[in-house]
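Alright, structures below, take your time with them.
Shared between the two complexes below is subunit A, which pairs with subunit B and subunit C, respectively.
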Partner chain A sequence: MNKLLKTKSVKFGVAAVVASSALSLSGCGETEAKGIAPELYTDSLFAVMKADRTNYTKYVVKRLGPNGANVIKPDEHWQDIENGTLLPAQMFRAGAEAVAEMTDQFTYSLQSKWPINSQNAPKTPVETEGLEYIAENPGENFYGEETLGDTKYFTAVYPDVAVSSACSSCHNDHKDSPKTDFKVGDVMGGVIIRVPLES
Partner chain B sequence: MKKLLWLAWGVCSVMVAGYLGYKMTLDEDKAALLIGDASHGHFQIEMACESCHTDPFGGKEVLQGACVNCHQKELDDAHDSHPKKTFNDPRNADLLKIIDARYCISCHTEHQNEQTHDMGVTVAGDYCYYCHENVGDERPSHEGLAFDSCASAGCHNYHDNKALYESFLVEKSGGQWLKEVSRITKANSAAELVFEPVSPDENRATLITEKTKDHPDIFTHALAITHNKAGMDCGSCHLPPALGASDVSQQSWIDQPGVTECSVCHQKESDGFLASKHGVKLAQGLSAQVGTMVSEHSKLTFSDASQDTLHGCSTCHSSDVFAPSASGTDACLSCHVDEHSTNFEHSPHANIEENLKGSVHSASSEVTCATCHLPRLKEKKKGSDVVYVEHNQNLTLRPNEKMIRTVCMECHNLSFSIDALADESLIKSNFTGKPKAHVPSIDWALERTKEKE
Partner chain C sequence: MATISQEHLRKKNPGILLKTPMLIVVFLILFGCSNPEMELGEQVFKGTCKACHAGGLNGAPIYGNKRMWAKRLPQGIPVLVEHASSGYGLMPAKGGNTNLTEQEITAAVKFMVSKVAE
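On to the complex of A and B.
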């Protein structure tokens, strides 16, 4: 079951994005909350992430990689080979790391119940619950709250689906992959987006 | 009596505050503010307080900025295995409570020289365990290994694992311990610069002719010959680069060109030198004189004569002894008298041509200290390889596994290189003999790959 958080104020200044529609008044005339619903915020972020990742896969890796012009080499150790470039998942992670250096108002990461790198296995109860939920309920997202360190977070989990045979075969063939029977269309993991909530 | 005590306390407080305020703001000698000896990496610049304490009221963010300012590029080049960005994710919040790995000073605390280990580390040697305690579950080969042996046995490093990661170990697992001895690649980074010929100027020509009279044999020196071939004349180095022709005078002549003049063409080499222990004092605006070094400062031993040495390009590249063999060995050994250095003369590396005579290996390249400690590195520029001499001699020594790919594997295979660099007694003998122990990391990587196939 999806969890829905209503009008929880998000610390990030997203009010600027949706300022005109963000202010709602309660029946007794008091200001209730300012901002946007966190799930709308994280859904929007996920849309951008997914679009960028798809476009990188389609317009860079597929077009210029071994199955296209063959002028770049997408590889796990891309820094160590001539004309090496990041795999789509690495590009996604590089984006997450770059964002984390620019702002602490949201973070995102790629995790899986079957990670190639064990550091990307779920660690928190919400991550575990979320990854299980999206695997068992294809097409649905998961939303929850958790406290990490001294901060409370709104945590959203989105399915990461094998969109092409390149995704499933790469995971199936990798020596560190704990699951080797992924098929196109399977949920291989999840994108976790966290937004710190006001205390 | 009580009033008197209060008065005395007040006077003392004002005096102490005044003294510290004077030391912090006006006095150039800030030795009294040192809270402890700096580490062996930083002791040369411990009196350049502002190098790290860029803001007197800054906390760890300010110090982090200073660390990053000097060391970030090196970490990037090393494909840092534990960059700060890894720990920004809130899911690591519990780990940061143990060691806040987002900040360099969490593991490299300064002014605690008495408890500073190799690589400037000031935490206990079991720091890997906190995050990787379950490594044995994934890798049975690691079960039962000592909890502090991850980074001390030649297998892993915290930051730089470019020569130690599993796929690399597998890929480079084979080969003879001694490969065909390679020739040293000729540096060409300065050559890529198009030296702008100076337009004919009578003033300039007269001054150069006059100066040349004092050094009639100057054009027989290697330095002059090399630079002359590049279309340079004496004024190219002995006159300030930005000086207009009409401003040339006796006063503007530089008797001993320094890093500033050399860096006009040798940018990469100068940058490396200023980042090294040889040039770091110059880089921080301190005297280039090394000064007296005691055992607290360095594990190495230095000749008495070296204490007065002024460090600059010409310290090793003097105009009359410019040949690589001289600048790459004699210059080093004039200061360094530790066991590794003094054993060089009789080492297999020093006698490589004689040792390999008649064997399948043919070598014509002389090996000097600089061959290994100031390696030729390549970088791509506009699609071409540009070779420069890395003058930061410390770059490949922290830790020494950084030498594996840049130096050792030019002539040796990976397995031998790992074993040799993990053998301290072999390093002391300057690699006379074979490694006494074997680091099993390649064997384990191969076994694991085979199991998974």
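On to the complex of A and C.
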């Protein structure tokens, strides 16, 4: 298994080819799909996810929450309280679930070696390897390949960091958290993006 | 003042014109390029800042990304150090590492800026 695949140019399945729009014309007038490097593809997807999550944190939670106008209440149990709203990580997860309803050409999820919800623990050896790698190498991403069923996948794992004391204290104080000594700046888990590779 | 022409040097010591620049390069590598503040900055970056600034988490300007740093550089080092020390936007004070000194934060800021300022 490759620990770090560097810009391996691989022809993709439908999703990547569509996303790349990298088509060229051959000498015979035929259209040839060039594809996109899987690392560039998942990095690009992650950039969008990251930007949306940051903007939700900045422009909704911080601006309208207890540290701002105090008109909404970001809370894990947001559905049970008046004016409750999702925590940034929950909003991220809601996005992943919505995408899963739309397509199976790529999936993403938020997982951890120390999940509050056991459903968010790694399920494949590559997921486990990736989460361990990013925890041991802060600031680094992990890229690997794995075969699930009959399909070969490119799997990227990006660090999910405790960016504020709200993140670390929420996890440390949660009754279901298997780890209770997170600090700001610690890698708490990872975003796993998986895309099928063309066989 | 008497000067020594390159022709004279070449005749007297055929290898000197080649050796001198090489000696200067070796000297710079050994003694001239060491910058304690940059080394400290790199150390602090790897230990604290990298967790967010390597990947741009929560809007942190990515290390080495000139596009993201372009609107921050004109603010100057003192302002950037103040933001890093006190917290700014979604960034926690001192990047969450309350043990960092002002000297260490300044070094880390200068280290990151040095990668995008050329």
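By definition in this document, the second predicted complex is superposed on the first by the 166 of 199 C-alpha atoms of A that agree within 3 Å, B and C clash if a C-alpha of one lies under 4 Å from a C-alpha of the other, contacts with A are read in each partner's own complex, and residues count from 1 in each chain.
Note that in this section a contact is a pair of C-beta atoms (placed from the backbone, for glycine too) under 8 Å apart; a residue touches a chain by one contact, two chains touch by 3 or more.
Remember, predicted model here, so these are calculated numbers, not experimental data.
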Clash or fit: subunit B and subunit C on subunit A? fit
After superposition on the shared chain, which partner residues are touched by A:Leu197: those of subunit B (first), subunit C (second), both, or neither? neither
Give one of first, second, both or neither to describe whether A:Glu127 is in contact with subunit B, with subunit C, with both, or with none. first
Using the superposition on chain A described above, determine whether A:Gly185 touches subunit B (first), subunit C (second), both, or neither. second
One more residue to check, A:Ala135. First (subunit B), second (subunit C), both or neither? neither
Touch check for A:Leu148: first (subunit B), second (subunit C), both, or neither? first
Now for A:Ser165: first (subunit B), second (subunit C), both, or neither, which partner does it touch? second
Check the residue A:Ser109 against both partner chains and state whether it touches subunit B (first), subunit C (second), both, or neither. first
Taking the superposed arrangement, what is the smallest distance in Å from a C-alpha atom of subunit B to one of subunit C? 24
Using the superposition on A, tell me which residues of subunit A are in contact with subunit B and, in the other complex, with subunit C. none
Touching residues on subunit A, where the partner in the complex is subunit B: 76-77, 79-80, 96-98, 100-101, 104, 107, 109, 118, 123-124, 127, 148-149, 151, 153, 175-176, 192, 194, 196
Which residues of subunit A touch subunit C in their complex? 47, 50, 54, 57-58, 62, 138-141, 158-159, 161-165, 183-187
Residues on subunit C engaged by subunit A in the complex (per definition of touch): 46, 48, 50-59, 89-90, 92, 95-97
Given the complex, residues on subunit B that touch subunit A span 79, 83-86, 88-91, 93-94, 96-97, 138, 162, 165, 167-168, 448-449, 452-453
